[in-house]
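One chain, chain A, appears in both complexes that follow, with chain B as partner in the first and chain C in the second.
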Partner chain A sequence: MFAWGPTIARASRSRLFQVPSLIALVALVIMAALTSPTASDGSHIFFEIGNLTDILRQVSVIGIIALGMTLVILTGGIDLSVGSVLALSTALVASLLTRNWVPGVPALQMALAIAAAVLACGLAGALNGLVVARLQVQPFIVTLASMFGVRGLAKWFTANENIDIGFGKDVAAQFAGIFRDKTVVIGSYVAAAILFWILLSKTVFGRHVRAIGDNPTASIYAGLPILKTQLWVYSLTGLLAGFAGVLYAAENHQGNPNAGIAYELDAIAAVVIGGTRLSGGQGTIAGTIIGTLIMGVLTNILRLNNIDSNVEMMVKAVIIVLAVAVQRKGRS
Partner chain B sequence: MKAWKIFVLAASLALMGCGQNGGGQKLVAFSQANNAEPYRAAQKSLMEKLFSMTADVKLVTSDAQQDNSKQIAQIETFIRQKPSVLIVAPNERAALTAVMGKAMEAGIPVICLERDIVQPNYTTYIRMDNRAIGRMAGQFIVDQLTKKYGAPKGNVVFLRGLLGVEAEINRDGGAREILGRYPDIHIVADPVANWIQAEAHDRMTEVLRVQPRIDLVYGHNDPVAIGAYLAAKELGRDKEMFFTGVDGLGGPSGGIRKVMDGVLAATFVYPLGVKEAVEVGQKILRDPGYRPPKVITLDSVMVTPDNAADLYKKLTVAGE
Partner chain C sequence: MGLFLAENIAKHFGGIAALSAARLELAAGEVHALMGENGAGKSTLARICAGSLRPDAGRIELAGQDVILADPLDAQRLGIGIIYQELDLFPHLTVGENLVIGNLNFAEGAFARPKAIAEFCRPLLAQAGLTVDCATWVSSLSIAQQQLLAIARALSMNCRILFMDEPTSALSEDAAERLFEVIALLKARGVAIVYVSHKMDEIFRLSDRVTVLRDGKTIGTRATASTDRAELIRMMVGRDLDSAARSIKPADQAVSLAVENLTTRKLKDVSFELHRGEVLGIAGLVGAGRSELGAALFGIDPVHNGRILLKGQEFRPASPSDAQRRGMGLVPEDRKLQGLMLQMSVKENATLSVLSRVSRWGLLSAGAEKTLFDPAAQRLRLKPASPDLPVGKLSGGNQQKVLLARAIFADPDFLFLDDPARGIDVAAKEDIYRLISELAASGKSILLASSELPELMRCADRILVLREGRVTGMFPASDATQEAIMAAATHSFAEAG
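== the complex of A and B ==
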């Protein structure tokens, strides 16, 4: 079906690899149209604006993490620590919001709390990047270690208890009200997606990210700033996970040191379904967004039809394998 | 190239769900926090059994697998389906408050089952009195130790559930309230086992290594009490101490059976609340003028070897 594939120049081939995932997404939407239960007026519940925006809101947290994960995987790396980093962020932001340390200036306290949580997570990411780049330890091992370490830090910081964000009128409750809002959550995801799409496809930095993963040896000979690029990629991933944590804390009205367990795997799945090669070099932000939406739409259809949520996991398994198999075929 | 295969697969799986939406049936949705806990699994099977008795009701359920975000998403999707009644067993109070408010705003009657939420975003809240259970357990501990030593004294271990949830706070606090009056009863360890038997096994093993003499273990649910028993048995110390739990489920794997088997000295029935939830739900479905009480509080019963056999018969869901 994609017989024109080989004739396309290598540089633009990665664009092609998102085609199968896009077809899968379209197919899922058609399925949704065919199977969607109907409201009392005969309209499809799936296509209600409320439902479609539900999907976007629900995928936003994983979607934001997956943007960073795309960069990391493009460099040939992996980041297993993002779920733990998210938990740390929820704990930090909730703690800074529920303490009275900037009396009388709620907006300032809110801004500082968010900035501190996100920056701390950026630092955790930078530490990952530093060890990967400087000590040349495999990213899997480095981030496996920080997955435990950062989770431990979040648990220690909170004494493994949730920090509740109340429903009163204080700054913490105001924060939750703003960042739980559907428009804000979806808007954040869209903004981050556009930012990272530009970063990856329109900047020198983006070219370096791909080049390092595509051919590490050539990148060394070409004198690319490998250390700096890796450091930034892991830092950005930490920042994004931190920001996702801020949204998570607002959504759940709490800082939760046990939040985000296995989120790294959901994010990796979204990236891989979106056509990014796990060994690096090839992949796009658009593909990852499609991968994220595939997971979200799939969950939504199955839930609307009240299919057992355990079945959902099995279907996801099949989709992941199929997505990768299709992309291998497209490449050969 | 094989994209059509994805399509076919997705189609066949999605179609499994079709044909279930029978016309004219009233939809009741039940959002369960975590079906992996036996207490919650029992809630689900009893609810399915009770609603299946009326043919015009279709019950759909979801399992959030102890994940707040997942439960929020599942309830959001239920709201789109506009059920006639929504029953929610919330995973955690703060996290589920807002989305249950959304359901209320959408005009769906909401029955909050067992765990409370921060704001009263429900039509009816069916609550069990964990504080009372905690006090009953505390009194049982005092009585048991007095029987053993002739005076209220001894070493007690608490195995705690998920910190921060209402059941944990009150099962713990109620017992401490009573034990606080007896200076010679010492709580020598109180590790957190998160309601999970395997975690209790590990935590109790550590406690047993450190504590040379333990008189009684109070597990804040039956699985953790059983986990503690298994740990003590492994180290040959199960005869040294009594084990008590909370939940008192029927069925062969429930706590009542464990009292009959002599594993637990006592447990306290934590009512499922399902019978009451279904009653309220049915009335809402049938009688538009029905205004259910805002809060329904259910009582507990202490299960000891004396009444275990009777309660086992009464509280075992047939077909379980």
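== the complex of A and C ==
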């Protein structure tokens, strides 16, 4: 006879169920099932494939930024500039797509425009990393400064105008067509998530990232490449924010120097809800993905039930505090 | 007689007994010195008597009545004050604010009135000899001025008993003289002063009586006038010289590390030679420069002057990773602060410095990591429940073994071990001693800094003594005595010898 009691006990002790954020996600999904409006055939709208993939698409931009933010926070740092960097990326990519500078080869122009925008953002990140690592200025201050600086750069570059991407047949319109496609957006997020999961959990670099955040002094004594690691962490975060900007520009059909305001805070929220310590050293990519999904599912439930988006912010506030409080308790 | 009595005081920190049977008895108007080796429990006892630590057992009597000191304010209310070894000032407040904060004699309202603060503070600063305005920021004061401020704070408490934990350790001679005047003044007022110090000269100059602690127990109290340095040193180090010196002498006399006139922020003209397969012990009191020698050799403290020769080649370490590449290893003194990543696992901590050996193209191989880790764990008798356990959950001994594993994996030719057996259980100590002699036998050169003399006499071939950043003695372990080493460390060597 099959014994349910021990099985349940064993399952509840397994590692999966010791992740409070996963329990919260499961609880949210159950809540969604209970409150979801039903379609005419009686099925829950929440569980329709179209709705579930909508959630994934909606969280992809913040989700991609949050992957980089996880690494930064693991080193004991923070990156407040990602929203501005995203805006710079949208402006660059839209500008490079709407000018006729590679005549006749739309695919090449598209690839170059994306690469240039993403690389420029990587450089912005590298600059953050260089100042943090070399001049030893606190990451909060450094990235607060670049949050203003990069936003100014994006606005200056576009002269405060949005650069619209049309709906015709030119290269910009083709770009938008490809990169706002649900499969491409979700695929990009999944690919980036897998890449960063491997980077953090399976590489020497990832081990160094955690060690530096866990104990900076001991990292010096252990002879770890602190400068190089910090430089790469901020550069990668810049690259990811740049790529998120490409997706944003396609989705919204424009390069917008005012895009991404407060995205850094959404990303930080996803990271801490996912169980990463703001003081560094402890956290996972899986946790951040769960944190991102919690925010996305929550938004979806409230929208499906026609609840005011201001209420959504208040609920998020409660979730953030609860998530972190529960995880603190779990550790001690 | 009998202003204050603390007896049978015991205190444990995480399984380690800091105090087991400590006794301290004070009379009004006396200066009472509290002596003992590093780790004998002096600071712990002072803190318990001043209410900043709660004892596990024992009783405290003030003027014939049992008292319980719940916190420092409680002790202050009863007239017991303390000046800590580390300055406990608020650097971002003013001099005046530092004096009145938490002071029972100063009535604080909802608002701080600068005038009232100034009036309260002026006489105190004058007595302490600190000639700065009350509105000066503490962060702008020199260390010596900050010490004087700490003295003024002690005066402001208006106490009957004042504990001073190594008050002159950061003072210039002028400031120390000023402190001695303040002590004389307080003594004349009938205040009992407990003076915690290593410095024999000061103790013989200032104190009326001396209490000696050893291994958390009070060994005895003597009237200063009827004792001498030799007796105090004997009381401090004890008579039980149970451990024999290491029997294996270095067969190889090739000099592998030569240090010439090494001078850094904390070291002055340090010279010595280390042979292949030799264990060189480094003795000295807290602040004598033991750890600083490691920091200089390992590229952490910049070298101002002098040379380091590694196998005959000049070596100027730029960073720890540079030193590691040249075959130098270091196990730092403070496990938790300088050594371990407490949230990371045992295995991750052990392999941290040699990840290139267990990876290809930056990708870690779990199998290679296990192959590296498992035999070392066995060799060190490292027994965590699981190598994937966070290292913070291990006992001190196992934590120390993890750090030793990390250093040994890099296969260094030179290993600086900074107090590797501090605060760990006896069995783990034996494992570490065994490992040290194994490493030496395999041709490694080892520098072993320790605050425990018996440990040095047992493990080392020779013992180098440091005092205030200078070499004050070099003894072959075979004919070193604890008394001679202590004398060199406290520099009453000339007088005693």
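Here is the rule we use: the second predicted complex is superposed on the first by the 314 of 332 C-alpha atoms of A that agree within 3 Å, B and C clash if a C-alpha of one lies under 4 Å from a C-alpha of the other, contacts with A are read in each partner's own complex, and residues count from 1 in each chain.
Operating definition for what follows: contacts are C-beta pairs under 8 Å (C-beta built on N, C-alpha and C of every residue); 3 or more make two chains touch, one makes a residue touch a chain.
Since this is a predicted model, take the numbers as computed values, not measurements.
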Just from the overlay, do chain B and chain C fit on chain A, or is there a clash?
-> fit
Touching A:Tyr248 in the superposition: chain B (first), chain C (second), both, neither?
-> first
Have a look and say if chain B or chain C is in touch with more residues of chain A.
-> B
Report for A:Ile289: first if it touches chain B alone, second if chain C alone, otherwise both or neither.
-> neither
First, second, both or neither for A:Ala211, with chain B first and chain C second | second
First (chain B), second (chain C), both or neither: which does A:Ala222 touch?
-> second
Could you tell me the angle at the CA centre of chain A between the CA centres of chain B and chain C, given to the nearest 10 degrees?
-> 130
Return first, second, both or neither, reflecting whether A:Gly166 touches chain B, chain C, both chains, or no partner chain.
-> first
Go through the superposed model and pick first if A:Ile307 touches only chain B, second if only chain C, both, or neither.
-> first
Which of chain B and chain C A:Leu56 touches, first, second, both or neither | neither
With chain A overlaid, the minimum CA to CA distance between chain B and chain C in angstrom is 21
Report the residues of chain B in contact with chain A in the complex, numbered from low to high.
-> 1-7, 9-11, 13-18, 20-21, 60-63, 65, 68-70, 72-74, 76-77, 80-82, 92, 94-95, 97-98, 118-119, 163-164, 192
Of all residues in chain C, which touch chain A in the complex?
-> 298, 300, 319-321, 323-324, 330, 332, 337-344, 348, 352-353, 355-356, 359, 362-364, 406
Partner chain C, residues of chain A touching it in the complex = 202-205, 207-208, 210-211, 214-215, 217-225, 281-282
Chain B-touching residues of chain A, taken from the complex the two chains share = 1-2, 20, 23-24, 27-28, 30-32, 34-35, 37, 39-40, 45, 48, 50-51, 54, 57-58, 61, 160-162, 164-167, 176, 180, 248, 251-254, 256, 259, 298-307, 309-311, 315, 318-319, 322-323, 325-326, 329-330
